[in-house]
Amino acid sequence: MEAAYRTGAREECGVFGIYAPGRDVARLTFFGLYALQHRGQEGAGIATCDGTATYVQKGMGLVAQVFHEDNLRPLQGHIAIGHTRYSTTGASHLRNVQPYVIETMYGPLGVAHNGNLTNALELRHQLLQRGVGLSSTTDTEVIIQMLAAPPEVTRRLPPHTDERAGPRWVERIRALMQVADGAYSLAILTRDALYAVRDSHGLRPLCIGEIEGGYIVASESCALLTVGARYVREVEPGEIVLINRHGITSLPGIPARQPALCSFEYVYFARPDSLLEDQVVHGVRQQLGQQLAREAPAAADLVIGVPDSAIPAAIGYSRESGLPYTEGLTKNRYIGRTFIQPDDHLRQVGVSLKYNPLTANLDGQRVVLVDDSIVRGNTVGPLIRLLRDGGAREVHVRVSSPPVRHPCFMGVDMATHTELIAHQLDVPAICEHIGADSLAYLSLEGMLDVIRGSASAPERHCTACFSGHYPIEIPAWLFETEREKLMFEAVWGT
Amino acid sequence: MEAAYRTGAREECGVFGIYAPGRDVARLTFFGLYALQHRGQEGAGIATCDGTATYVQKGMGLVAQVFHEDNLRPLQGHIAIGHTRYSTTGASHLRNVQPYVIETMYGPLGVAHNGNLTNALELRHQLLQRGVGLSSTTDTEVIIQMLAAPPEVTRRLPPHTDERAGPRWVERIRALMQVADGAYSLAILTRDALYAVRDSHGLRPLCIGEIEGGYIVASESCALLTVGARYVREVEPGEIVLINRHGITSLPGIPARQPALCSFEYVYFARPDSLLEDQVVHGVRQQLGQQLAREAPAAADLVIGVPDSAIPAAIGYSRESGLPYTEGLTKNRYIGRTFIQPDDHLRQVGVSLKYNPLTANLDGQRVVLVDDSIVRGNTVGPLIRLLRDGGAREVHVRVSSPPVRHPCFMGVDMATHTELIAHQLDVPAICEHIGADSLAYLSLEGMLDVIRGSASAPERHCTACFSGHYPIEIPAWLFETEREKLMFEAVWGT
Amino acid sequence: MEAAYRTGAREECGVFGIYAPGRDVARLTFFGLYALQHRGQEGAGIATCDGTATYVQKGMGLVAQVFHEDNLRPLQGHIAIGHTRYSTTGASHLRNVQPYVIETMYGPLGVAHNGNLTNALELRHQLLQRGVGLSSTTDTEVIIQMLAAPPEVTRRLPPHTDERAGPRWVERIRALMQVADGAYSLAILTRDALYAVRDSHGLRPLCIGEIEGGYIVASESCALLTVGARYVREVEPGEIVLINRHGITSLPGIPARQPALCSFEYVYFARPDSLLEDQVVHGVRQQLGQQLAREAPAAADLVIGVPDSAIPAAIGYSRESGLPYTEGLTKNRYIGRTFIQPDDHLRQVGVSLKYNPLTANLDGQRVVLVDDSIVRGNTVGPLIRLLRDGGAREVHVRVSSPPVRHPCFMGVDMATHTELIAHQLDVPAICEHIGADSLAYLSLEGMLDVIRGSASAPERHCTACFSGHYPIEIPAWLFETEREKLMFEAVWGT
Amino acid sequence: MEAAYRTGAREECGVFGIYAPGRDVARLTFFGLYALQHRGQEGAGIATCDGTATYVQKGMGLVAQVFHEDNLRPLQGHIAIGHTRYSTTGASHLRNVQPYVIETMYGPLGVAHNGNLTNALELRHQLLQRGVGLSSTTDTEVIIQMLAAPPEVTRRLPPHTDERAGPRWVERIRALMQVADGAYSLAILTRDALYAVRDSHGLRPLCIGEIEGGYIVASESCALLTVGARYVREVEPGEIVLINRHGITSLPGIPARQPALCSFEYVYFARPDSLLEDQVVHGVRQQLGQQLAREAPAAADLVIGVPDSAIPAAIGYSRESGLPYTEGLTKNRYIGRTFIQPDDHLRQVGVSLKYNPLTANLDGQRVVLVDDSIVRGNTVGPLIRLLRDGGAREVHVRVSSPPVRHPCFMGVDMATHTELIAHQLDVPAICEHIGADSLAYLSLEGMLDVIRGSASAPERHCTACFSGHYPIEIPAWLFETEREKLMFEAVWGT
């Protein structure tokens, strides 16, 4: 895939939660966020609760830049939630960094959210009509203010007949789930409990781990491993998981619908060492490469992958095709945000700050370049040129996922229709555009056969960006504007 | 008065607002806040609106530390409000810095507030019950969320019969005024207007100025002068002033009650060049000194004042008594926040970082030391010792206001009962405690004669901290806890 | 005097040194620099030595901004020197911040310097010729590298016949004094001693204090008081004071010449509570005002001073003339570096960010405005306009020092000839230029009568900026370029 | 190899220089340093010269953290040198960051240095004896001050008979080369020229590139590629390359001795896309892996490498052995400096923040783990445990270089004798210590056969850390203290 950093698809956020009396939950959350850093580099935050008070610390930048011993120490308590936020090209504001924490009638409430509500604008409008002023443009604020409201206000259904006293957080969460459309994986902190919630399709991942003294929820299992926790299972679509001093309890949220975990998690987003649906992502990616080799062989001398995300698929392609695997591009490991731009001359000569070709490996060779996906198509072209400059005789691009033709409204800020190269051009035209000697994508069927583990299993993944079949109803206006968030920004300003 | 910085009374905030198409309103607000810096050094913020979007910038520290060209430039528009926030000894948080800006049903809303709602906890409870989650512990958030709610929800009175379309901000402000008890001077920004609002007693100051192209509201007139504006008048108690493209309009808010401008503004808070009730504060302070000389003469050789706030009263005392005026203490002009503390030895020898005695002037002299007020009594004692170390033979303390015996619940975070030295000790005991040769305070009647301009005029000032007569009803629990804010903090944590 | 901050004369630096085993010398130095902050706001630094290693910390900004507990703690040892550096309008560099510390053949060497070597360029050239590369543009680096060199290299005189082993720092210092022309007050730190050194005219101040456990040297006695030390005496012109484990020793440096302490220290630079030549500066300034009243009476109603530096002289003028003293201008106490500039309109209307008039005191009055000095003449004019805007009927300016007609080459970065208004215009023309109703300066004789304590005492002060009589020979080229430093900058770049 | 970051061998610095009138040399230097970031992450700096003045900017941290448009813009001129400095575990000081720039008799002089002078202490002593005070503990300051001195002073040889006027930089550089022992690759900036200098053994790399409008020198060719330059050749051992307005000139420095380029550059340091001695490093590493497979086969199911540095060798091992290649460990790409440490429990369970095992690939497998080197042996053990936790049945470690048994004194801050595990233990003991099923290293002969390109070519590389044969004489005391730098620090303090 093209560079995820600033130019391609962006995953919206990593979520972490822990309930573990006697453990340093803020520190464990820090390390969990560290492992989820690939899901968001714009900002990070941690909120804790000690049963009475809540403590919050957030900041812009990488997790290791936001936190240090001095601001971690005050985060007392035995419950914590944390969040890493994706990078935007435009304005980023501290006020949009999660977790959100508010004071409610029944004490503190904190929310960390990964996903995107497709009816956020409608829910936002309802809140504004109720007279709730909102201080950010995020759907997370919509979620937390809806949870703060009494259930009678929130839900569409009539109130329960057996009204009990108390915050009734479960009822409120359930009421939210009944009205919230779209994708959401939530870690919710209250005065005495941690909740993990997943939408009825299970669009975004969320899993549970066990640690000495308590439980953890995280967007990906790599965060469990990193803090020494044991993987237990995924949170089920529509499920509410309650973790408190009585242990862990599964509660019905809303009825599960057709499972539809984002297939792009397998293709690109998830860390290769994470488990999704009991499959290690790296293994799935190797198999995608193998399937790709079967579907789209190439007359070539060697196989290379776009570092780092396409390496597993390239290894799989090599293994299946019998073509030797090697590295063809060096990636500058210290690349980071720099605001210093190349001068005109450098731009003209197409200098690359991020990649250099490995000339010794490429010289005179016919190269298969495996990428995991092509979104906008503005990164793979320069890489092909680099490979040719480095001596490659032919460059055959093989992509271990189908063409991305449709925008995502379920939590991935991918691109608009017009920005998606495969929406604009067919495969031969893309091949010409990027300057490859040949180009082939993995078929949708081939991809699904691999990621569902067995060709005969029923479909259970979201393939909307490839197929255009959205598992949930997308409001027409959203297709038109395509970017709910941007619309909010226009209303709201900086 | 003792050092206002960190140890004595603290004024809660300076407020500024401007409506001036064609002018650089953010820059003018910056200079206005610069002039209001004495009303709050903890943090500062500016919000602007260009008719569509709002822009906000806030930070901890002095105005000149928070703002620079780079973060001032994005603050576009023709309407602005600004705020300087007072210093606290405890935790200070960016989230408590004003102005507050939210999105409402009818567009953006911003509030800058000086004062203190005595029923903030009750109103806060109402909001929480309505299901509005709150993200700070300030009464300003209570105010802005109440303004965001539809009038039917907010006010105690039945809805108007002639419901018109539109935001009806005036109605909302009026509804707020009907339920909000205590002190408030507000600058409110909406999409197309600036509002200035003052509580029914006019407890905290707020005045109006005219500038080429528009109007300004500010806590003190010194801010008008600093931005080249002409002083027009004060906002009346209970009045709503609307400034928009139609000019300036006075609207009824709630009926004015007994005027009760804080007399401590005259004694200490206000800048000497500000006008309060058409009187220049410096002149009033000189007269307080003259009255003090008449009430409490001293057999002495010279008169000095505690720099800087008591200098005008000392000049007045000198003029009335005929005793020569001079300076007796040097103040380090570059003093600022330093977190480096003296070591034990320095503490023992009572070294002063802020003041040094002017030995040449003091040697062998009987000195009248004029202070404007004594709150906790822990600053004047060391000054007396400094004067004696500097050679003074006798030190007679004269205070240009009556003893402070009662806490303030109307926007001044002064001290609790037990911290007020005059609540604990009578005048002779205070004299002994601070080590003066004699001590006398100005009488309440003497002070009032001066500040109301004529002895026969009816009373129109709040003297609660001196007299214990509160112009508004103070809830009993507030007397018990004395510090609403601290209570919130305990519930809420850091 | 006009605003010293950024527009007028600038004192080059405050110097502090301490030798006190068992005391926290870094902390004491911090407080000493705090008291010397008025002598330099650009940067500050502290160097300490524990007998083996040296530790240095420097930074740009005010003392309280540069130091905090975390960077003060590592400054171990029982000897320390510190420095505050003046503000420049142009480029300021961390590399120019003092103290300088280097490693020499005989261990560490640190230097803090106040003054200006008039032959720095020549000495610099000698060092470069010897092959010593220099990394800054300051004369302090010249001094420290000359001290590092063996005496045979440094001095003009033949080597002593009784050569002893060891660093022979005293000899090196003496050798430096023999070749260095101009003004210098130095605190020098070596592995086991503190040295205080003053040029043969005593152009810049330097005094000695005693503290429990050791001794202190400082530019002004206010720093002694602030750290709880007892004033002992001044370092004599040409003297070397050695402080080490044997106590304090006076050593001959070079023969003292005509004493010539800078008279501007009395007029403006020194803190009013400092002692110079056993006189408290505040007292001297009051007497200058009294003398001014005798020499230049005015038909007026009241006397005010330009805050803060001219207040003592104004009090003296009032006392001698019998005209009542009051305040006429409020100064914003929170003024600090701000890079935000007024917009064009504000500039046109002559808005003042620093001063506001006290209208109640001025209205219809004939005012005597006392200033301590006029250097460039661009500050007093706007103040006069402010006073008139504030209602003053007449403004009579009285200056408590003679006209400044000549640049200083002895450590004060005052101005060039062409920038000095009194070099360009005579008194009536200045009066017209600044828009006063009348203008009078104190006579040179009158000033000298006051500051030398008795009219019959022989002259012992530098009056070069007033009289043009320089106590030392100024190289012709220096008169031409006027600003040695700027020349260096041109050669050297940023 | 184990993690280079903070625990293993550290390369001392990357060097860059450019002479290119009409180009934005500061920006090009920035991008060059960006590409050399792997050679030093502690600090970075750039110095430029426009023919008259010099401009310098340095800072702590990564290149992209130190520079931004605002501090790059002032770096005017057509000549630039730059430097990236390695990370230390101990104290890091801005004053040690390069390039060094000084003013000399003949104008500005700047030096960027990679290497280590083995007689720096002796040369430093000579400078101190000459009376030159030194302000840092680096050998770079020794080099620059020696260059500043007149040749008569510097060199051991008698002065040339044909003395010409002018700076005679070439003579000075030559004089330095005659007395400086050890490793040095220098980029030197003067008022009108750029010099590139390499020690007589060519211990550290340095190469030349051509760019439109000028020439570049850089530690590695990857920096040339990154700025769009064409690789020309390496600077020869003992050569002085002069680049000025006359073009590029090769000048004799000192006679070349036995070439001895650091073999560790091939093994670990250099970026895989760099050319060393006309060989692409990545290709050499693959061949080292192939040779390793021939020398030390393993009965296993698959081959993995320690990311990222050992991947090429692992690919080579796979290719030669026929065992399939895959990835077995995920590396957190966002790892950065974090000062937050795991709590005790995490430490006990051996949690890894940097690596996670890829369980799907490892489960039940016999794994060959290829590493490039083992220095201290404290990283590979935990990785083996991670692999076993991840399901690996057997772990056979193969190292693509010989055992590291000797410290480096030629510019690599590797470790002391006692820290080197292969100095303490033999191979079976290391195998047991790290918990591997088997362990084998590449033979010295095998490594040399690969890196010299042909088994019959004469030896031309430094293998001191493997063989103990130092190409230069190492002073006995250096063996004893082992760390010249640390010794300096002890003398000098922080």
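A, B, C and D are the chain letters, set down in written order, and residue numbers restart from 1 in every chain.
Quick note on the criterion: a residue touches a chain if its C-beta (ideal position, glycine included) is under 8 Å from a C-beta of that chain, and two chains touch if they have at least 3 such contacts.
Since we're looking at a predicted model, the values are computed, not measured.
Visitor: Quick check on the contact network: minimum steps from chain B to chain D?
Guide: Between chain B and chain D, the shortest chain-hopping route counts 2.
Visitor: Can you give the shortest number of steps from chain A to chain C, where adjacent chains in the path must touch?
Guide: Step count on the best path from chain A to chain C: 2.
Visitor: Count the C-beta pairs in contact for C-D and for A-D, then report the pair with the higher count.
Guide: More C-beta contacts join the chains of A-D.
Visitor: Indicate whether more than half of the residue numbers at the chain A-chain B interface occur in both copies; give same if so and different if not.
Guide: Same: when the shared numbers are divided by all numbers used, the fraction is over half.
Visitor: Would you kindly tell me how far, in whole Å, the mean C-alpha position of chain D lies from that of chain A?
Guide: About 38 Å, centre to centre.
Visitor: I'd like the Å distance between the centres of chain C and chain D, where a centre is the mean of that chain's Cα atoms.
Guide: Going by mean C-alpha positions, chain C sits 49 Å from chain D.
Visitor: Give the residues of chain D that touch two or more other chains, as numbers and ranges in rising order.
Guide: In chain D, nothing touches at least two other chains.
Visitor: Where on chain A does chain B make contact in their complex?
Guide: 50, 52-56, 74, 100-105, 108-109, 128-135, 137, 144-145, 147-150, 153-154, 490-494
Visitor: Of all residues in chain C, which touch chain B in the complex?
Guide: 23-24, 27-28, 30-31, 34-35, 37-38, 41, 62-65, 67-69, 72, 212, 222, 225-228, 271-273, 279-280, 282-283, 286, 308, 311-312, 315, 318-319, 324-327, 330, 332-340, 342-343, 345-346, 349, 351-353, 356-361
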